[in-house]
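First chain A sits with chain B, and in the next complex the same chain sits with chain C.
Coming up: the complex of A and B.
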């Protein structure tokens, strides 16, 4: 054996000693359950009895209207809430940038909702919109709102929009703001000398430089949209929502209310694949950034 | 008025309007816990008169023989043990990726990152089946063990360790330090602020994690606050709004105190919830 390969063997051994606790937990708590989920998804089930059925569950899911209907809310969030939030957060971050010192109070307040669990946000906002307690109803009626109730099923997507924007806009603005302030001053100064205005500098110089951050944020929020559970779950306490209101709610109720574990496992696998495709871009960039220069 | 002043006023107006939106639920929660149900139904935006704050707090604390304090203790246990263990394990793994060039390094890193994106709803269900076979359902381990895996922590740790130069490691190696001593004396002290940030983020993540305990726990005595507060009802099973609100307030209070006191550690990271 040459000394080079011997040395590599030695470092490999050392590296895996440091990796051992993580890998053990990772295999036990992540890889094995996913493998088990994949296996279960190929089984039929009645009560405790299970038998192999191949891809039967998947064929049935593709014909299950309730499964596809569950994607209405994620689609709404993906095409309305996420773009709206990124736009709003970008504008807010540009405003933060104009007052780096005096704006810290605003940055604190805007970030605050991010610490609040979705469940508590769901409780408080659902009470705020509830018929018995809503302080908003008199206000909205003053502005000519005609409806009898605020918290009705047709209004739930809008209320979800308000809750989720409340939770994540400030945090998103903070993330964008931290990349904004890392852009060298010379860039905008040079553009200013060439006679560019505030908006021109913002759109032609800053936003293109934010591209990577915005794409990453878009992907994380898209993944969040596919998985939304806590907020509609809590709203469901005050307004009747179908058990397939979101994919996660449908998986939960299929498994734990109806006891169809293997069917739910197959839906989980589909959701995992969709998520994985969304995240490929982030993964590629992350691996390149951290290890690319070295190995 | 000059154009600049006008723009300044406009920006302030928008920032204030959005601040009202972000503050409003906090305000409504704080005035809400001073009211009994009758006062809540009056839909006022002012605190309850007379104030029922003391009574609400007493009733939450006394609810079901003080189960509230069990939830609080559980939340602290799950969040503290989960975050410190998870981030420590992640630090060791991150160090391996930073320091060594080893067999299967890149594929392993991509594999770990890849699985980090798999949604909790896909793993929680098989986890439930696995814990059921291991007879761990309705035990504290069922909430703790998954929290020990912090994939995002590994990713961030590699980034933190990347800021330490090779020279520093090499110098320590020439001085005869063994690999674990290098980790303890060179690598770790240099990333302490990052370590604290990750522990805090992971603490908040565990504190707020609802889905996993919902699936793996049945008995109320083992629930964390976030799950416990959703089970508050009167003996007939109807919701008691003022108690749920008061309990919600105490669920977020530790987070708000932590966030305010340790603000400089809560640097925004692209954290997946």
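Coming up: the complex of A and C.
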């Protein structure tokens, strides 16, 4: 009896030993900053002076139109870019599956953009859309488009869409592909025998089985959309974007260029809550749907 | 009697000592190492010279580029600022107001400061009678122009704003593809600096109050002037400091730029393909006879509140920015065209001469003249970054057609600035007048 509990204890200890490097960094770099941020958000601050204000910062944020307006771009990305990307990625992954041999080359090519840091991609893309260097301009002029600027403020959401699709579609397709190949081949073979075509098998059999991974990917990308920063920040060098273009940009400029760190900390907490509640909601409703479809 | 005599003698000796040590007192404290953040290139040559004179003070120089975000963070954290911080004059009040600096009046009194840097510089480095640092380079407005474009289209270097508009129209008619000038979308330094050059200002600080008046006659006249050129499509606004702008300067698509004197250094490094084409001139005056100038940028070196040895830091910033040995290095290695210190005049003859990048023009002489015309000063608002982004958005709105008349920007900008001041808790505002 005691030896069993001892064994159990040893296993747990071992597990924690292996987890230790991660846990130490996780506590130091994630948990501790969150705690510190939560504490800071309860203070007023000017320069090095700080004083306790309770929930004043939060009350002010709820009345701060600039903060809530900043969610326009994340909402656009959430409802347009993320679904579009999942659709594209699914199609691409189905294509990967049909090319068993040469597939690895395509997978490599599609995966490459993901290896480029967002900031670098932002710089390169801002050149691509810039007025004087854009390689697209001669192309557009060839098709009769006359010299208007590409990178204007109204065009920025569209440009963001292109950049982010370029960055993450390949990676997402890669993830979907990896669970696609784990689907037992008997299913599609059986369907084939019953006379189902390629797209029928894809939409009726494979995609429903991919639901779990698609939901996970949706949540990951939704979090990315809500916290989008790098790409609009880089474009901001070529076209004037308001400092509240996205919530993360507003938080950054409040803290670092205006020196309102505690207010920014409070906004950070709210942004984290928004992200968390949204993810939870998606998981809950999605889980219900999954249960519904199983029964 | 003897005692009194001795006393008088000692007093005499002391006073003569004070004048003999002149501006650079001896450092008698413990050996110390100072840290400094600055983005001037090759600052190390001046530091080497300084360490020869003051062997007990070592200076470690770090260059993070424009480090305002980093400095704000260190300031809020309560530790981590270096001993000496380079800050642009317009951003300095923001940092003064946040308590980032400490006064150095004990080691550099107002009289000495005025002797070394001139009366007009007080507004750049001090507030409420406290001196926080010393000014390095001059941001005196200058007109940078492309000689090749001017020659090709027979343009004349304008000396008044009317002539400036005339030349702009002339170039537009002759070469619609070229820009006579492309003032910045945003970058409030330029707009505030040009109004300053016309003898005006938008704000100031005096006796504990902040004064704000964006719609004063000079500012309005000035915005009307630009508005006419933009509304008629003679000139376009452009966003600065990005690849589009760099290439337009490099390839000769823009004929003139009005900006601070330090731009001479910037052009040399960032538009190498345009070598030999640029010239400089004193910028146009608002009217004939009204000859004064303002500044766009330029930076001071301030002693921070985190500095443990302000005496050494004060000695250093004063020596760095006024001693001829240092100024010589700053000119030769850092390529700063004009330094603020009055002692720059002592080495002017020695360093002034033909400059190859500027087609052999003696730019130091021309820019020194532009600098000497700066005869007014004021304290910038302590919310420069907010003021700057407010203007950027309004100018972008104008470019996008959301604001019809250019001059309408001023009152809206003023309103937003006042709102921000109030939001940040400044109750000592006086709106609609200037001291």
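Note that in this section the second predicted complex is superposed on the first by the 242 of 295 C-alpha atoms of A that agree within 3 Å, B and C clash if a C-alpha of one lies under 4 Å from a C-alpha of the other, contacts with A are read in each partner's own complex, and residues count from 1 in each chain.
What we mean here is this: contacts are C-beta pairs under 8 Å (C-beta built on N, C-alpha and C of every residue); 3 or more make two chains touch, one makes a residue touch a chain.
Owing to the predicted nature of the structure, the values given are computational and were not obtained by experimental measurement.
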{"item": "Touched partner set for A:133, first chain B, second chain C, both or neither", "value": "both"}
{"item": "Winner by number of chain A residues touched, once chain B and chain C are compared", "value": "B"}
{"item": "Which superposed partner A:190 touches (first chain B, second chain C, both, neither)", "value": "neither"}
{"item": "Partner chain in contact with A:259 - chain B first, chain C second, else both or neither", "value": "second"}
{"item": "Touching partner for A:226 - first (chain B), second (chain C), both, neither", "value": "first"}
{"item": "Partner chain in contact with A:30 - chain B first, chain C second, else both or neither", "value": "first"}
{"item": "Which of chain B and chain C A:87 touches, first, second, both or neither", "value": "neither"}
{"item": "Touched partner set for A:48, first chain B, second chain C, both or neither", "value": "second"}
{"item": "Touched partner set for A:286, first chain B, second chain C, both or neither", "value": "first"}
{"item": "Touching partner for A:171 - first (chain B), second (chain C), both, neither", "value": "first"}
{"item": "Residues of chain A that lie at the interface with chain B and also at the interface with chain C", "value": "127, 132-133, 237, 255-256, 261"}
{"item": "Sites on chain C touched by chain A in the complex", "value": "68-69, 72-73, 75-78, 97-100, 185-186, 239, 241-244, 247-248, 305, 383, 385-386, 389, 392-393, 395-396, 400, 424-425"}
{"item": "Complex contact set, residues of chain A against chain B", "value": "8, 11-12, 14-16, 18-19, 21-23, 25-26, 28-34, 36-37, 40, 92, 95, 98-99, 103, 106, 108-113, 115-121, 123-125, 127-128, 132-135, 137-138, 166, 169-171, 174-175, 178, 216-217, 220, 223-224, 226-227, 229-230, 234, 237, 247-248, 251-252, 255-256, 261, 264-265, 268-269, 271-272, 275-276, 278-279, 282-283, 286-287, 290-291, 294-295"}
{"item": "Chain C partner contacts - residues on chain A that touch it in the complex", "value": "45-49, 126-127, 130-133, 152-154, 237-240, 242-243, 253, 255-259, 261"}
{"item": "Chain A-touching residues of chain B, taken from the complex the two chains share", "value": "11, 14-15, 18-19, 21-26, 28-29, 32, 40-41, 43-45, 89-90, 92-93, 95-97, 99-103, 105-106, 108-110, 112-115, 117-123, 125-130, 145-146, 148-149, 151, 154-155, 158-159, 162, 179, 183, 204, 207-208, 210-211, 215, 226, 229-230, 239, 241, 244-245, 248, 251-252, 255-256, 259, 263, 266-268, 270, 272-273"}
